[in-house]
């Protein structure tokens, strides 16, 4: 039997991910895109032949994509036509070989990949399920006794055929039949992938591997914080070249300090933390459980706590708590990202036309790229600010700000 | 002659004490209610038999009231019927014994109690007077030569019979006659206590002990700061069990650090200061001449100066100067209690329908229990905020806020 | 030949210098007025006989004016009648002697004075020119070949007779003729000085010394920052008497610390910096490349960067960047002088009826004397605040504030 090929789906659209406009799998953590973190984990399955399906906008970014030990080819998914469409653009590359489909935009534990390693040599379809305790709008497996015989996409609360949902770690020994099914299945909804999969499962020859570790999707922008937390938990103490740590700096727990980083006096860094190359952490700061990209300057007296900061951000006497800042953002002195409701309740966020409960009682701001914010401004919990915007001084920003805004008064 | 019984008046109503709703004598300082501080001082008179007259709401709080060396009984004053009413609810317990009446809500120097010790063995009425240099709305003694022959309540400015006011440290060797007078005296005003006292003084057999030490009443909420200052002056260096003091913490002058307190890096504490049990003083703070209760968290970069903070308060990058915060209060990052008028003038406060000059040029906020304040809000000097309120972000609060308010814009 | 007399022009009006109302030459740097710095430099010419022409309001300030090695006389220019008027009030004192005219309100390098030393013994008129690369509204020399034959005031862009402008360092061996010309020249504009000078230059016997070092005028208030920078560059490490430097203070680069200065814990001072006598630098500050006058208090957690602060200013948790504060100013906690536009553009300032491009991308506030500013207020880049004003709390000040203002809401 041939070695399997992995098809890594990385071309999602991500409308609900706004104001973050970087492709979900291209959000950088610890210096690498999420995609690379996932590819490294994929290696634990033993697969070495990888096809990454990407969004057209990422062509340039993907051109330099390498992971030692993997042979990676990239294909563009020209239209946003779902998972089935994504697999089909890779069809010619997997024809005749077993294939393993996975989503590059979620994060699961490395051990799941290890557990999959033995299954991927088998002759049966293999998929990964996860037990849920409340309704989740995904796909559910259908069982006949212990045998899996189908999968249904978003059955609706109360109509779940089981309490096992699918995570899109799907192995098909016979790619040809699978691709044929993807090509011939018709649907008005975005569920061709599941319908085709359902056909295959009817044979009754599939195996469901149940997984109870963490599983973090990147549906909404605040999900970046969950991914960040897990990846921060993997870092170990690191000190780059040419760093400068001034007097009376306290560093506790595992902290990655990139090349040419400077940390000024009277600052405390509480790990796990990641500080990207060339970043300057100013005097009298506190930085806790956060990810700070490359080329940032935190200025005097800044507090960054449990936050994701991309590259090239400038701060000065700010409090940034439980926030996501994509990159190229500056904040004036005294500006605060509030991260708690006064009533301590769960923080909601408007996504499209829906009010989504983030299930978080602590959530700060979610800010796209290239945003400038004035001094002494207060950004309310869960507020999203679109890219290329300017926000004035002394404001209370209590609702989302679209891309390309000027809100000065 | 029998040993005297002390009747400690602790059941006052305290409308002018708003937004503080703890009974005046139950405001805690250094871990004990003001009442206990006063009872400890009372011991210097040699009295051991004490009756505390309390407000109905304090029944539970008073149930655990003990002071080593004192035999304490409590009685409830069911109605707000003044000092005379308060003494009368204790009447059956003092009948036939000399009695010493004192107010639990004021603070005087310990030496006054010592000086009283010898007088309380005598057969004459003894009271304590205090020389005033300007009109004070209290009771004034009337003298015939050097002999005191009466007392008049609130004579009005210009009508003072002397410059000696009474402080309610009153000793009556014959409780029975005194109680009889309290029972039979009638008045439309709240001055039965003084009218009955006046009757007794007519005998001309009374002694006035003049006292020139400090005397702090707790009429208005800002008076808590005066009491705090005096009690802070009594503390000595103390370090509780299980404390954690991080590096580069400077502690100057006498500071009481309660059990399980943590003080984080780069913080300075300038005594006299009291830090209650389990409180966390964050990084890069300055805490000066203040009282911070138990279970508080001061967060990063907070300045608390000459302020009274009750239990369970949360701060983060705040300036709290010359302020009184009853307890269970949180402030968002960047919120400031301004403590100086721009013109450096004396700060006024509206109490009921009156504009009261606090006589203070430095006075911050006065905040009741269970108040949540957002980020970057500015509270003007002398502003009072009622309990169970929420105050939004980025506001300038320049007038009092009633209990149970939501002021978000 | 007689020794020359210097006529130092220090009596300018300075309307465009608002909100700074100290005479330009009397703005203090490093403990001395700009005038004294210039007189010390003047000594390098060898001149010892000096006449300072002053504004009537400076009579008292000038009464104590001494510079070792110089014989200084002062005369008042009673009316604002320009440079010609200024020289004429000194006419009787310079009659019969060579005279050297210079402006006390500009700053040039010491080496220019040294270079002038040899020229001032000569028999010809000597003046200093400076090559410009774009139009500057000053006086331009007219050349015939290499010989200077005239000077024209503000020729207008495109009409410049040369690219050499005059700096008002002018030497006249024959004062009598020069004064006669000043007396007899008529003009409707403020250019009598230049017209008379032009007459003298017609002789063709003058020498122009070209100078390519720095030249800083004090036309607009932000020019104080340029002067400050140059003078800060001249200071060397100095520690006054009776200073107190607490633990964990970091001082880098040349810093002048005046007598009785205190610097509190966890503060960093990055030179070149000047800290005047009796000033208190509080805890957890950062002070960079700034001039702080005498008797100031910076309070807790203040950041003063590239700013000029006069005497007796009070701060508390402020950010003051690229700002000029004349003196006797206080700022409430959390108040910020923003020093960058959101679009990073050059900052403009309205002067009279003109919008002046300051050519600075970093410029904070420009504040006159005796101004009180509340807490959490944001002052926008380039805003000017007139003396004797009060600015309330929580405001965004985005336009100039006249003298004697009360802006509380």
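Per-chain residue numbering starts at 1, and chain names A, B and C are given in the order in which the chains are listed.
The rule is simple: a residue touches a chain if its C-beta (ideal position, glycine included) is under 8 Å from a C-beta of that chain, and two chains touch if they have at least 3 such contacts.
Not measured: the values here are computed from a predicted model.
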{"item": "Shared interface numbering between chain C and chain B [over half = same, under half = different]", "value": "different"}
{"item": "Cα superposition of chain A on its sequence copy chain C - rotation in ° rounded to nearest 5", "value": "120"}
{"item": "Intercentroid distance (Cα basis), chain C paired with chain B, Å", "value": "56"}
{"item": "In chain C, residues with contacts to at least two other chains", "value": "248, 266, 284, 301, 334, 376, 394"}
{"item": "Chain C residues within the chain B interface of the complex", "value": "246-248, 264-266, 283-284, 300-301, 316-317, 332-334, 372-376, 390-394, 408"}
{"item": "Footprint of chain C on chain B - complex, ascending", "value": "248, 250, 266, 268, 284, 286, 301, 303, 319, 334, 336, 338, 340, 342-343, 376-378, 380, 394-396"}
